[in-house]
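Each chain carries a letter (A, B and C) given by its place in the written order, and its residues are counted from 1.
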Amino acid sequence: MENVIECVNLTHSYGNKLIYENLNFSVQKGKIFGILGKNGTGKTTTINILMGFLRPTSGSCYVLGEESHNLSPETRRKIGLLHEGHVCYEFMTVEQVERFYSQFFPNWKRDLYYGLIDRLGVACDHKISKMSCGQRSQVALGLIMAQDPELMILDDYSMGLDAGYRMLFIDYLIDYVRENNKTVFMTSHIIQDLEQIIDDAIIMGRKRILLQMPIKEFLNTFHQYHFNIDGQVPNLDFDDVVANWESLKNHFTIYSFKPETEVKKYLENKGISFGDFTETTMNLEHAFIGLTGKY
Amino acid sequence: MYKAILYKEWIKIRWWVIGYLVVMLGSLIYIGLDVRQWFEMNDAIRVWLYVIQRSVPFFKSLKFIPVFAGILLAIIQFVPEMVKKRYRLTFHLPIDENKSLLFMSFVGLGMIALFSLLVLVSLAVVSSIYFPHEVSAISLLTVAPWLLASFVAYLGASAITVDPSWKYRVVYAVLLYPIVQSLFLGGNLGLYRFSLISYIFLSLIFILIVLFPGYRLRKGSRL
Amino acid sequence: MIPKISRYAIIILFIVALSILLPSLYWMIFDKPIQAPMVFYSSIKKGFLFSENRTGNESEYFDNEGNTYDRKTFRTLLPLSYYSDLLKWNILPDNIDGIPISYSIIRNKSLNFSFEPKDLNTPIIDLYPLFESQSDFARLELPGELFRVGTSLEFIDAETNKIITAKSQEFTQALHDAGFQFPAKYIAGNPTTRKPFDEGYFIIDAANSVYHLKQIKGKPFCVNTGISSDLNIRFIKVQENSMKEYYGAIVTKTNEIYLIRYNNYSLTKLPVDGYIADEMTFRLQCNPIYRMVKYYDDKGLTYTVMDSNYNYIDTYQTCWTPREEWTSSKIAAIVFPFSIERKSGDYRYIKFKFVFTGKLAFIGILLGLIITLFLKVNIYHEKLRDNWFDFVIVLFSGLFGTLAVLLIRPEPWD
């Protein structure tokens, strides 16, 4: 299967501030790939690099076989891009913006656009600048769906959308991908929606990549264990056993990729006496917070 | 695809077109009435000698209107493209980025050219009613640098609006000011008779200048 | 690569802007006025006298034999110039060398006639009023029409803006009859009512002959002046004067000046060696005894005295440090390899002229290349081969180019 996106040893800093280094990943055709992470960890930066709006400090990216900093117009026709902030031509009306974009894409699906827009209940000559943030996002998403691109890149698709529309969009997205073997690359921080759709993910932390694996594998191998502590609360380091931990009074929680037995042995080796050892299953959102921390 | 860009530009600039048309027609009518009044209140021969010997243009009120209209057009065309990083939309369209930016400039230049033509034709008409053809010819020669200034100011202001960095905006402003000012030296008739062609060639160079800031913008240049 | 070309377009325009802006700012700070003496010829001393504002406060008065004078003595030696003062002091002589003089004689027989390079280089609209030369009334009156002369002579009525066919045909015919060959090449006259009388216009025809045209009692008067057609005339200035000393002056393309006299348009050649029409101001002064010709520019002046028959008497010449020799000019020549001249005192048209500042510019260019090389390698760490044309730019524009290529930095091109 060919790689629709490929990044090799990607490193970027803004001045002296390192965002990440040596990021390597690829996105295969027909997959939905997500970059998750807290604010400021480099999600939008990666999209900007992929679309050629930013030169990485070092490393290279390839999109549909071309170098990302020099994408040809033909390649760009195949990429639907939802920019950070759901940017669109706000000085146009709903009707004008569709008329504008449709002339660039021979496979323009007008019905798909109006199918999504009509649900807004706004008139065709309603200016986009006069719409609410959520309505604007819906217009932007409608335009991307109508474009019917090979690769869809969505930077924080959920911004401003209400729960109902988010669900609707995810339905459209899944349909879009599965029907025609299209590829999606998205960032988000509303995790619970992504659980159903993302195939592979990268979770970014400050200055480093925390995780890079298919979602199913993450949810299967990442555990949340609870236990009580007698005595003093230990200060555990993060290592290959302990991905993250929290404590409240004498109630302790450990997040780990290791199975229960290994974690118990680890605690015994550290001389920590514990009781009421249990495991809780996590959904993607909990797992994400578990990995990245609440703060 | 260029039709689409023309469509987009028209949506942005149509109010400028209407506004400038109103202002321009108003000025031309004012000039016509003013000239008529000169002839009503004075002997015709005195008006002629005043214009011919004192070398005074009868259309001085037009002098700075085109250049400000050019600057305004650049702002109206390009600020909406820059706000909220919307230039990413334009540069992501499946069309060569340089060609699309240049085409946008040509839309603006085309508008300015149409208005310049309007001015030239109107002045020629008013002048030929009241004055001999020598005065008409030298009047058109006199208004030409003011019209040229609107092309130059438009292109310069476009570059200033498009470039992401303040340092470069200052550079373009420093570049623009002396050249535009050179087109307004002296208020008498016919002063640019021998140098207009040089200034026209200089102005042609301006056509390209919006592409470098455009490049810097879409590459996220930090230089 | 188009953005690369766009960068060079910006650099070129920036250099043009700098070469307009920087020299003018520089001279705003460093310019000084030219110190030139005023020259006089004393009818008493029979020699040249000078006044000059050397110290900046008061004028000094001296001659070229080393003597200095106080203001009153100086003026006493110049009765033909300061006759009002001498009259007030009651010491105005009643004759000089037997020639009677008095306040009114001096006034009535004094005349000034001058023109400067601007007058030869000024936009002109070739439409002129033809006055009635022998009116019954004292003052000249404006006609109701103007005329032009090209392939024929046409009068255009100002009220209607239409050609007056009959009069136009009449005058065109008169020119024909006098031998005039259309199209006309040049016309000169004094188109103002503020003169004692009117002598019409001098028109040069296609065969380079000079014709004299007037309107007498409404009818055309036109004669061939007989002035040589080999003269290569560039400029004629007409100035009617009640002394009827001359119609005016001719300036040729070879920088000769002739007065057109009243006896059959004979020419009196003026002694103007070294006169350059495009650079120098010319002034002819007449008084009851002498004729003085003065021409000068910002480098020097020449003052020649003749008697009332234009016979040569004496000449005074001086020059001063030309601007180019000032230290500030030399520094400017290094820093600014060229400047763009748009306006000058000698030329009323607006220019766009590259003025190369001379050999010293090469020092500036070398300096510019060195600075550019140093900064590009050590501070900006650029790969010189990618943008080698920057050095070509600096080679042709010196420090202007250095500033431009270092401010408008090259990008990593695709």
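One rule holds in what follows: contacts are C-beta pairs under 8 Å (C-beta built on N, C-alpha and C of every residue); 3 or more make two chains touch, one makes a residue touch a chain.
Source: prediction; values computed, not measured.
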item	value
Chain-level touch network, classified as line, ring, star, complete or other	complete
Pair joined by more contacting C-beta pairs (B-C or A-B)	B-C
Averaged-CA centre spacing for the pair chain C and chain A, given as whole angstrom	78
Chain B and chain C, separation of their C-alpha mean positions in angstrom	35
Euclidean distance of C-alpha centroids - chain A vs chain B, Å	48
Junction residues of chain C - those touching two or more other chains	412
Per-residue multi-chain contacts in chain A, two or more chains	55, 69
Interface hub residues of chain B, defined as touching at least two other chains	219, 221
In the complex, chain A residues that touch chain B	48, 51-55, 69, 73-74, 76-77, 79, 81, 83-85, 87-92, 96, 99-101, 103-105
Sites on chain C touched by chain A in the complex	412, 414
Residues of chain B defined as touching chain C within the complex	43-49, 52-53, 55, 98, 129-132, 134-135, 138, 159, 167-168, 171-172, 174-179, 182, 185-186, 188-195, 198-199, 202, 205-206, 208-212, 214-216, 219, 221, 223
In the complex, chain B residues that touch chain A	1, 3-4, 7-8, 11-12, 80, 84-86, 88-89, 91-96, 218-221
Chain A - residues contacting chain C, complex	55, 69-70
